[in-house]
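Structures given as structure tokens follow.
Below, chain A partners chain B and then partners chain C, in two separate complexes.
Now for the complex of A and B:
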């Protein structure tokens, strides 16, 4: 910026800076709002049980300890056994939900995007019907349905439920991706000797990988964090998923805050790792250069 | 290479005809341009030939096979798309190799053919790049290469030049023409630009409203347009069309304007207008066949200059004649001013006469 500009137009510059600073301050507040609880969670998890309850609080643990983590991850003691089983249950439910969601959503979204069939519009909007109501409304009807199906106290009940919640949005999300992939790419592939299915598999699918990954993460996180259905459908201790398990496990007698925080931290690890590994797919504009706009 | 025959081809969407009774024969090694305004059915016709959309009725014959129900992959065609449709995740080499891989050719043969095609199109140095790293002209060449690599019976091209800038378009135009001559390829080429059709094609098929209007050599289409649509579509600036009325006095047939002037017709032109259904006749003339005079002279008719557009070697003048706009080209030495009164002289041997009701060209028989 030239110095003459500073002298002749000081006012607009000041205004721009004012807005810029407001924006920065806002972002800092947002950052603190989201990051501080996480930081506090980690700090508490490495304190001793006594230190965690002190007032005024220890901002930085005087005697950091990994005892809570050791306890949780030790398959020898009962706490560790339970925690690892819950973790495994959550992982199983979330993975199966994610895989089924992708397997169903990919062809469904492709069909909605490419084919014109009777009732297409109606079907497309009816998949959203579920999302118009709060999840709690479906709690009792679904419980009755699951009991009738004999699925109460099985992971199958959760997987089915999570699919009914996750699929509509997954289909919408993926349809958007398929809409953005030029249809000429498939046409070219079909002329080049591919069948319709080969064109879908060899040309369209690699291009929709970012969409598929976004959909998968969305389904996984939804299933991983879900609490109320898991708490309703499952009662047997060995079947509980993490969100329910952590709560039951730590509030029976007195609350072990460092243990609770350590468990929460471990629970957030898979989600964070998934994001870190796959975030580049969210931003990679793979179709760039495919067509001239 | 092979010939392509379209027989009474029909494509409907509900009650709308996208292509109606299109019949034409593309001979082996011929370059045929399908030309017309947007929505005229030219791209639909091309997609029908490609098999990308199913036909409603009629026949498509490529070589000696009726291909009506064959998948695109089994029709032995190659297609160049307007947006090139290069596979973005594949390198140029993989793009060119894809049609060969789909045909399960051995790897060394694929490699040889891809390099051959790349050499022909001068893209050997680009083989390892991704499409997004190429310029528009290079992408265009890769798209051509992907069509060429397979040695298909017919090349289909859907407005392949319309995404290029003007200079590159002229260059690629001559390259595609060269490509056609060198390979002796059968090409069906869709364009909305009549200039591309006229300059490149052996024959042009002018379409409008799903109907094939005229199918002939560009020279014939230019010289003898069958109707007013073709007359106004082919040629730039467009042929001027002036609606007039036929009158006859003392055995001389003339065209009469509501403005009061008469244009006596030659004996042959008089025979033509005798075939008109009513008195309404449209006079057509190309800009280069109209002479402009500054004062009244012989059979010249009065007009008022509207705009003057000097282009350097030719000056285009638009003038109002009997309520219609007429295009005239002049040497730059002639100076005319807007709103000036001028007199226009028509060349009786080179004017076109159309029936005012049917819009069809009038013939002398």
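Now for the complex of A and C:
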């Protein structure tokens, strides 16, 4: 596909080059659209508050400073204490959510892919339908439910809720993956004396690791970035997760844009690193599962 | 394998008299154990809220949400909504927001996926950079763009002034005419990478032999795209567009954090408006009725969504 030289076509080269150049120019535009806002976030975060508030702006910081980062990450002062606590809370909630999501989604996706029990289609559709509904609709009833369960102002309320909004796509993704694992593998294992559950756990699960990793990334990112439920269920300062914590903090300090940009940057780093490290699994899971016909 | 087992199963089903549904359920009782955890979580967090929202939409509650004191008002909440001007304005906004965001994000993502399909130096890095906006939190994205759009120190306005496109710092998000398009730009920034990933995955399933054969037969690049590549991407395109449409219809964070729906409701969409009615003005019953209307629309969308998502769901018989 990449070599155009081996097959000589009657088409003039000029036209092929035209498409290629269109693609290149398009990619450059998209790169600018994507990267410039992020670059501006980083450039602003290393300015002083005074340097950020100039017109015309300093395109390149004349006196770069890490002061905003030091302030946010220093456990000695109160800002740093709060920020690090938010960070830790986010990490904890996202981590637990991810593990539970995998534990719940894997068997469910497997069952939807392999078994044929009454109500299977209905249940699968209901799971998918969950994704249709916006968080806001569930806020009031869930708040009352959490109050009833005694989970308000605990991270448990967030974990339980995040689990459900990550599950539908996770199950759908994994089911596509299982659909493409040949059933003969399990049949062979069954003939050799494995129980159905052993075949699932020892034969199929290892093969679906890319799908499981993709599911895990998806759940983690979703939980890390969630805002609405966290803003509603948590009121105590020491419980807040990063998105809410940052919002509460900077709505009181509306002019500290370098600090806000530094906080946004730090908040983005874990998920971006995680995704970039594991993105091949994500794309592979999509290719081999969901998208394949 | 799918076709073979499916066929055999169909034959079997035709030959043997089907046991009744309870016998089937009993026979496959072990199967339910696998889906049970997922179903329990779903029931608690979904079925109950839906029931509750429908009930609440017929009541008037005091601001503190003391449920004991709610008063049955029939369909009054619904008529309040449908007769208010704000509702229609917000509805128009919602449709502009959803349709524009979805289509533009899809087209940009499709273009990027096609342009990235061919191997070249730096492709992996470029792809990684393009994906980042989708990964970072919408709260961070909202703050980044709020700062870029800032009415005094925003870099976008400054660039426009420097280039002579504006004679003074334009006001992007405090202006009723520009606020919605400005927010759509933010939303697309965050969402086109999703379309890109989906379509990149889809492109890998297009058989190379077909493209090469078309090339040997003298098909132009456009013809190869239109007659070979595109038909293969129809399924994934439908799914992507629906997922984007649902996500956009339900989006909240970007308008809420950036503008809070203002100025004068110009950037309110349904979800932010419901949130404001409930948590801002404590009109729980009206917000619930609003949510029920939203359900109705989503169910229509949901029909297509489920159909597209379960497209590759073939009835198979397992072990």
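By our rule, the second predicted complex is superposed on the first by the 259 of 293 C-alpha atoms of A that agree within 3 Å, B and C clash if a C-alpha of one lies under 4 Å from a C-alpha of the other, contacts with A are read in each partner's own complex, and residues count from 1 in each chain.
Keep this in mind: a contact is a pair of C-beta atoms (placed from the backbone, for glycine too) under 8 Å apart; a residue touches a chain by one contact, two chains touch by 3 or more.
These numbers come from a predicted model, not from an experiment.
Once chain A of one complex is fitted onto chain A of the other, the partner contacts of A:46 are absent, as it touches neither chain B nor chain C.
In the superposition on chain A, A:257 contacts chain C only, with no contact to chain B. In the overlay built on the shared chain, the residue A:151 is in contact with neither chain B nor chain C. In the superposition on chain A, A:187 makes contact with both chain B and chain C. In the superposition on chain A, A:198 makes contact with chain B only, while chain C stays out of contact range.
Legend: residue contacts after superposition of the two complexes on their common chain; A:223 is shown touching neither chain B nor chain C.
Once the two complexes are overlaid on the shared chain, A:206 sits against chain B while remaining clear of chain C. Put chain B and chain C next to each other and count what each touches on chain A; the higher total goes to C. Once the two complexes are laid over each other on the shared chain, residue contacts for A:240 go to neither chain B nor chain C. Across the two superposed structures, the residue set of chain A contacted by chain B and also by chain C is 182, 184, 187, 190, 286-287, 290-292.
Those residues of chain A that touch chain C in the complex are listed here as 1-2, 7, 9-11, 15-16, 19-20, 23-24, 26-27, 30-31, 33-35, 37-38, 40-41, 44, 52-57, 103-105, 107-108, 110-121, 123-142, 144-145, 160-161, 163-164, 167, 171-172, 175-176, 179, 182-184, 186-187, 190, 196, 199, 221, 224-225, 227-228, 232, 242-243, 246-247, 250, 257, 260-261, 264-265, 267-268, 271-272, 275-276, 279, 282-283, 286-287, 290-293. Of all residues in chain B, those touching chain A in their complex are 50-52, 71-73, 75, 77-79, 81-89, 98-99, 102-103, 130-134, 136, 139, 146, 150, 163.
Taken in their complex, chain C has these residues touching chain A: 1-2, 5, 21, 24-25, 28, 30-35, 37-39, 41-42, 44-46, 48-50, 52-53, 56, 65, 67, 108, 111-112, 114-116, 118-119, 126, 128-133, 135-140, 143-145, 147-148, 150, 152-153, 155, 158, 161-162, 169, 189, 192-193, 197-198, 200-202, 204-205, 208, 211-212, 215-216, 218, 220-222, 235-236, 239, 246, 249-250, 252-253, 257, 271, 274-275, 278-279, 284, 287-288, 291, 294-295, 298-299, 301-302, 305-306, 309-310, 312-319. For chain A in complex with chain B, the residues that touch the partner chain are 182, 184-185, 187-195, 198, 203, 206-207, 286-292.
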